[in-house]
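The next part holds the structures, each set out as structure tokens.
Across the two complexes that follow, subunit A remains constant while its partner is subunit B and subsequently subunit C.
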Partner chain A sequence: MVRLTDADSVGLVEPRVAHFDQPFTLQCRETLPRFDLTYETYGELNADKSNAVLVCHALSGDHHAAGYHAPEDAKPGWWDVCIGPGKPIDTSKFCVIALNNLGGCNGSTGPRTIDPDTGEPYGANFPTVTVKDWVKSQAMLADTLGIDRFAGVVGGSLGGMQALQWAIDLPDRIEHALVIAGAAKLSAQNIAFNEIARQAIQSDPEFHDGRYYQADAVPRRGLMLARMVGHVTYLSDDSMGVRFGRELKSGDIESGQDVQFQVESYLHYQGTSFSERFDANTYLLMTRALDYFDPALEFDGDLVRALRDVTAKFLVLSFSSDWRFPPARSDEIVDALIEARKDVVSATIEAPNGHDSFLLPNARYFDVLGGYLDAVARSRG
Partner chain B sequence: MVRLTDADSVGLVEPRVAHFDQPFTLQCRETLPRFDLTYETYGELNADKSNAVLVCHALSGDHHAAGYHAPEDAKPGWWDVCIGPGKPIDTSKFCVIALNNLGGCNGSTGPRTIDPDTGEPYGANFPTVTVKDWVKSQAMLADTLGIDRFAGVVGGSLGGMQALQWAIDLPDRIEHALVIAGAAKLSAQNIAFNEIARQAIQSDPEFHDGRYYQADAVPRRGLMLARMVGHVTYLSDDSMGVRFGRELKSGDIESGQDVQFQVESYLHYQGTSFSERFDANTYLLMTRALDYFDPALEFDGDLVRALRDVTAKFLVLSFSSDWRFPPARSDEIVDALIEARKDVVSATIEAPNGHDSFLLPNARYFDVLGGYLDAVARSRG
Partner chain C sequence: MRPDLDIIAALINPGARVLDLGCGGGELLHHLAREKRVNGYGVEKDPEQISACVRAGVNVIEHDLDAGLGRFPDSSFDMVVMTETLQAVAAPGDLIDEMLRIGEECVVTFPNFGHWRCRLQLATQGRMPVASHLPHQWHDTPNIHLCTFRDFERLVTDKGLPMIERFVVDGHYQVRRGISRFANLIGTIAFYRLGRARSG
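== the complex of A and B ==
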């Protein structure tokens, strides 16, 4: 149930769309003739527009980060635990901007958009999009809102990677980069899991080489499998054990019935509901952006050199049970920042829920994140 | 190339088939009217038949554990590094028996076998098989060979679980149980990965509800995905990093070409070659046997009680980088054995290759395993 009267909720929110009627050339050298970005804002922009915080979403997120679209909504936005008046990202102090990234499937230009050259949806022909492209397009959105410089850019997982890329690509436009449960680049194992997810989607006969919209089909099984793989890697072995253990959903082997464990039933549910709401081509594109992310690459693989011109101060957070992007991956960012003589605060939060911990309430997590941003707000008076 | 002249190879070997023309009732209460087990032996059985060692295979293994079937074979059996004259499982001291388990796809009765009731392959109707069923059928194989009591039962992963079940179910017939990279039961995360593999197979349209033989089809994509998921969990993040890193196989994002990382290409190759050689229904059945394995279940979940009547001595080995069945899972077995006042030697081997380490050469692994078995051989004079 929506609790619009809750003092710490941003309440009812409405997405807006920014139109960009100019060609946008991507890192892959392809050009979109125009594009839209769907976004939401929470809190008031101050007079000198110096209190804006950009929230970047992860693999399957979108612009709806906090609040409710309608009183009957069952759930608020994906990061509602962190965004609101008095919450760690405090909307009584900051004006928060959250968008659906380019290539997304929830209002921004993406594979479902009609390609003006063909009159058909882009589908799998939507150009490759990178984290650099997102930063560039996010800066264009900031321009339309009159924001020269973000007080902070914040995100978890792939969202944190955008914050890091912001600090590198647009040092004059970001004061603080908050990188949560991130990494400076994916490991071979990370890429491998993403590739399994992609193969699951692409091998679904309903995928039709990405032209499933035209075929009036949906590669539901592939998306379900992709989400199941993702989901297992977001949780920790321990948290799954505590939550499901080896509890049976149904069946009994001694009586010859098929046994189904609770964890199987849970994964089916998660996978199926995801396949109802997410676009397969966007999933492929977002996992590719994750795999490609490697800001040190243009600096001969030297992250310290990549950080040379950074002026933003950093908060780098990781979670003890996160095995997708474990604390050691955050440490790599912290170590490079220190070696580059940048300003960095870091913490590893003891939390049992694996990579998903960045989306869940946790006292120390909220204290550190909220405390850092509170200091940012106070420093600007 | 086959090196049949290698002094430590068992050389050319030939599979044999044991026929059991009697009904065999499984734990699920279904009955097979008759069944075959395909097996190989390496080394000589001594006069009093007291030097037999049973090698149990894991998920995708079979009876071909050592040596070569033909001089032109590209590879020897799956555990050739461990089995041979002078190797840790020393065939100059022991007579090693390796079989393809019931439900397998390499000669033993399984889903591909014709069901005498229908005249068609069992397919997905092959009854549920458990580790207990395997132990029972392996004992029947021992009977045909005149072996009352194994000097040792040894296996890695699911193979080690069979060794543990042997010690519990048939205490009079096993002197030593060697449990390598095993666990007393699967965790929710383990089950989740297996379920993803099953869903991948079952959702392949070529699966035809398990009747793909009749449809002259093979669910290759599903098997490929299943193997890819399995493979990533067998390796460690570090070992994948060392082996593949983020090396590109092809492509360049700046020139708009699709990028393929080496690790993706490797996984495709592994998945595809597996799908050429393995049976999908067997994969489903074997992963189910893994999930169901829980010898403590009939003792109210109390592993110590389950071990009460055990007389076998144990060697329990785990590998430092194994995150599928990490050392802590072996420790659970060791702790229960100690509490049950049984004889147990255990070690965690420092090894970089994850769960796969049990199949790879490693000096300390071989020293511990070989040393333990050497003491077994010496104790019997």
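== the complex of A and C ==
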């Protein structure tokens, strides 16, 4: 049901594309001769351009964070619950910028883009992209919009990691880093889940070593499996129990005929719809960016040293039932910030929905996130 | 500001690193940041108080003191403060040890169970005392480790901790004549500033 007329919706929005006709050298030392970033903005940039908030997306997100592209859209942008007039990221106070990251599959340059050197899609040859590369390219987007300094950089999960990297890499260009359901680096278990997802995609016969565009194929099965395993890690045992329990969609267990549990049907649906909208090479690229993220690495693994030149103030939020990036992982960031003598607010939100909690409405979550940003807006006058 | 926080603020050096355990709405830290350029962090578990800190722009860490303070490294703060929280934690003695592991010094305040009103209520009515500084009924109180000033000082002595300063005040946070001499009888709240046990 479209709620375009809701007072707290940003309403109809239109993506824009920023073209960068200059070479961009990535952390892996490969160079893209040029690139595009697709983005959306919500709210008005003030006269001195000091009220900009950058929203960074997670693994499968894009630039469409809030509002609707058309009145008939079934769903708004992926973080619409948080972005809008009067919402926690209040577009009556802030100008919100959301983009599709480099390497994405929804308008920005990525594996589907034609490589000017070969005349074919980059495919699996698209260079390795890191969170650092994203921060650098996001800063170039800010330049084109005339934004010297973000009032805040905010994101959940992989998006929160970008906020952390922003504070480290560009301390003069960020006032507040809002890291939600994030981590300073992935654990072995996190990497393991990502590798299962990658193997699912790469072992699909339709993957064709990443050249599936040329083969006119789509590794749907692999993407579906990747999404299914990912999705399970985003939920909690409790929330799945409440939502599906052992309820059957069809068949009956006594006869053992055509048994399908509700949870199976749900995962099939999630996996299938994902495989229809998302690019497999982008999924591989994004999961690798997650796995390689470790801002402390260039400081001998010492996160406190990595944070030494940070000037941004931090909000670090985690969710009680999140086992993908549990509260203890956020605490690692918080403790390093305290040791580095940086300003930080941290809260653990009691929420039943696992890692996905950062995308769902929750009174306390919104109170802390909105309260923090409200204080940011007030301090700027 | 709450009068007790004024007393504590006076004990803290400008520019100090301060950890405030059970920081409430962050009043003390807000004051210290503004007046003394203090790099401070509050520790709090109550969501409403945390929200108040967030809105006041005070650094606050959501953390339950009963989960221990292991996350804070040795000597990472100049001063660790805990106002009227000692009586509500599971292991007050261990917490004092932890405060002095993390901080060079600590300030602890708590309500006096040895106040004459408390003694009188127990003696004459045979009931658990309820007073302005101890407003809860026995069955509905966060205070699980109430003690008298004398009890606390015994603990400090047993631990061999130097007592750098002690302030005793009445229910209006005023220092009255004779209050120091008859502290355990007429004092309502005490502020203890403690240092680390001298080793060797």
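Following the convention adopted for this analysis, the second predicted complex is superposed on the first by the 380 of 381 C-alpha atoms of A that agree within 3 Å, B and C clash if a C-alpha of one lies under 4 Å from a C-alpha of the other, contacts with A are read in each partner's own complex, and residues count from 1 in each chain.
Keep this in mind: a residue touches a chain if its C-beta (ideal position, glycine included) is under 8 Å from a C-beta of that chain, and two chains touch if they have at least 3 such contacts.
Everything numeric here is computed off the predicted structure, so don't read it as measured data.
Enquirer: Does subunit A have more residues touched by subunit B or by subunit C?
Expert: Larger number of subunit A residues touched: B.
Enquirer: A:28 contacts which: subunit B (first), subunit C (second), both, neither?
Expert: In the superposition, A:28 touches subunit B alone.
Enquirer: Could you look at A:187 and tell me whether it touches subunit B, subunit C, both or neither (first, second, both, neither)?
Expert: first
Enquirer: First (subunit B), second (subunit C), both or neither: which does A:371 touch?
Expert: The answer is second: A:371 touches subunit C but not subunit B.
Enquirer: Look at A:86 in the shared chain and tell me whether it touches subunit B only, subunit C only, both, or neither; answer first, second, both or neither.
Expert: Neither partner.
Enquirer: With touch defined as at the start, can you tell me which subunit C residues reach subunit A in the complex?
Expert: Residues in contact with subunit A: 17, 39, 41, 47, 50-51, 53-62, 71-73, 76.
Enquirer: Quick one: which bits of subunit B touch subunit A in the complex? Just the residue numbers, please.
Expert: My answer: residues 27-30, 127-128, 130, 185-189, 191-193, 195-196, 199-200, 203-205, 221, 224-225, 228-229, 232, 235-237, 240-241, 243-246, 253-256, 258-259, 261-264, 267-268, 271, 288, 291-292, 294, 323.
Enquirer: Mind listing the subunit A positions that touch subunit C in their complex?
Expert: So the residues of subunit A in touch with subunit C come to 315, 331, 334-335, 338-339, 341, 343-348, 364, 367-368, 371-372, 374-375, 379.
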